[in-house]
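To keep things simple, chains are lettered A, B and C as they appear, and every chain counts its residues starting from 1.
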Amino acid sequence: MPKLMEEEVFMAFATYATIVLLKMLLMAPITAYFRFSRGAFANEEDVAMKSPEASKKMLRSHPDVERVRRCHQNDLESVVPFVLVGLLYALTGPELATALLHFRLFAGSRLVHSVAYLGALPQPSRALSWMLGLLVTFSMAYRVLGHAMVL
Amino acid sequence: MPKLMEEEVFMAFATYATIVLLKMLLMAPITAYFRFSRGAFANEEDVAMKSPEASKKMLRSHPDVERVRRCHQNDLESVVPFVLVGLLYALTGPELATALLHFRLFAGSRLVHSVAYLGALPQPSRALSWMLGLLVTFSMAYRVLGHAMVL
Amino acid sequence: MPKLMEEEVFMAFATYATIVLLKMLLMAPITAYFRFSRGAFANEEDVAMKSPEASKKMLRSHPDVERVRRCHQNDLESVVPFVLVGLLYALTGPELATALLHFRLFAGSRLVHSVAYLGALPQPSRALSWMLGLLVTFSMAYRVLGHAMVL
């Protein structure tokens, strides 16, 4: 069966899709790290081992935790559509060089976006990297709709 | 390779999946528009160009921004499962007419949902459009499980 | 066309992907149930049928609703990457027994995770089930990258 996985464009898609999904998955452990280091939890059972007063204090939000969560949310909103549109795009049989350009630009833009978000770098670093990722996805969607428009 | 993209049912899926994903991606610029027009931001670096007092006032939540964000979140929770289940559904080889009925109903229901949410239309417009989208996804999942049940 | 759906590994993937996506979709009606039973809504139009004073009281957050929403969010962050990486993994042609082990472990871990989250079971039940699901996805991503690395 795995004919798809012998096509170079599809293999390139699989590589970059997995990389950006792994980057997105990494946000969860980073959130956990900030929850523990900042002492800011969301569930009572997460602080049950502390004394009642200490646990009450730890059921709070913390700016650092909220920042990671916003970054994670932006990944969900950007990376998942990229992978879904990218899958259809890879099936339209684009040139390998064109496809690689799309995938590399997106992966690079999301890396910059995460660093800019978590490091609170001055704008417009985060805004531009986010927009670049969006444009890559739009470009792939444009090709999919041009190739397979059945309404 | 692109045999899948020569199948009419799969092309119909690709068309509607891309359309609803584009609709979902559109929510991010709309959020940005409301953040700027309402002056309600989430990150300190986003308001760094203002004076300290002005920037402090703009680090707040605003009902209009929160409404778009809830609409975006509902898209994530509804559109992404539709595309994933729909991909498997398209691979089970359904009739084109049946598949188109599913895809059209879903795309229509999400369009109504977004208009009802952003326009704060009276209920049950939003509730019914949300439920219709859910039922379409359930119907496709039912066929997938009936076609390919390997536990 | 539906050659993919005649491959046993892909059918197993389709089965488990649909099951965990259905479980995720179920969180939305559960949220709705808690919103109605606890009287905690997010939109003015959702409480428009009540008297002005009653409706004002019902525009609030409630711990039970927030708990379901956090559980739903964790599903989005965990189940969607599993399905996307799992799709690519299934296309690499793994042994059926190995693939089934991955899919079953993930589905089981998410079931335990949801019960632990909604039931507020003592930790580390929720943390361990979440980590197991993450490890399964990492293991599948490892195989995808080993099989199809085109950078």
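We adopt the following convention: a residue touches a chain if its C-beta (ideal position, glycine included) is under 8 Å from a C-beta of that chain, and two chains touch if they have at least 3 such contacts.
The shown structure was predicted, so the numbers you read here are calculated from the model rather than taken from an experiment.
Novice: If every chain is a node and each touching pair gets an edge, what shape is that graph: line, ring, star, complete or other?
Specialist: complete
Novice: Rounding to the nearest 5 degrees, give the angle of the rotation that lays the CA atoms of subunit B over those of subunit C.
Specialist: Here the rotation carrying subunit B onto subunit C measures out at 120 degrees.
Novice: What whole-Å value do you get for the distance between subunit A and subunit B if each is reduced to the mean of its CA atoms?
Specialist: 17
Novice: I need the residues of subunit C touching at least two other chains; which ones are they?
Specialist: Correct list: 4, 10, 76, 80, 84, 87.
Novice: Which residues of subunit B touch subunit C in the complex?
Specialist: 3-4, 7, 9-10, 67, 70, 76-78, 80-81, 84-85, 87-88, 91-93, 120-123, 126, 130, 134, 137-138, 141, 144-145, 147-151
Novice: Give every residue of subunit C touching subunit B within the complex, in rising order.
Specialist: 1-2, 4-5, 8, 10-12, 14-15, 17-19, 21-22, 24-25, 27-28, 42-46, 48-49, 72, 76, 80, 83-84, 87, 100
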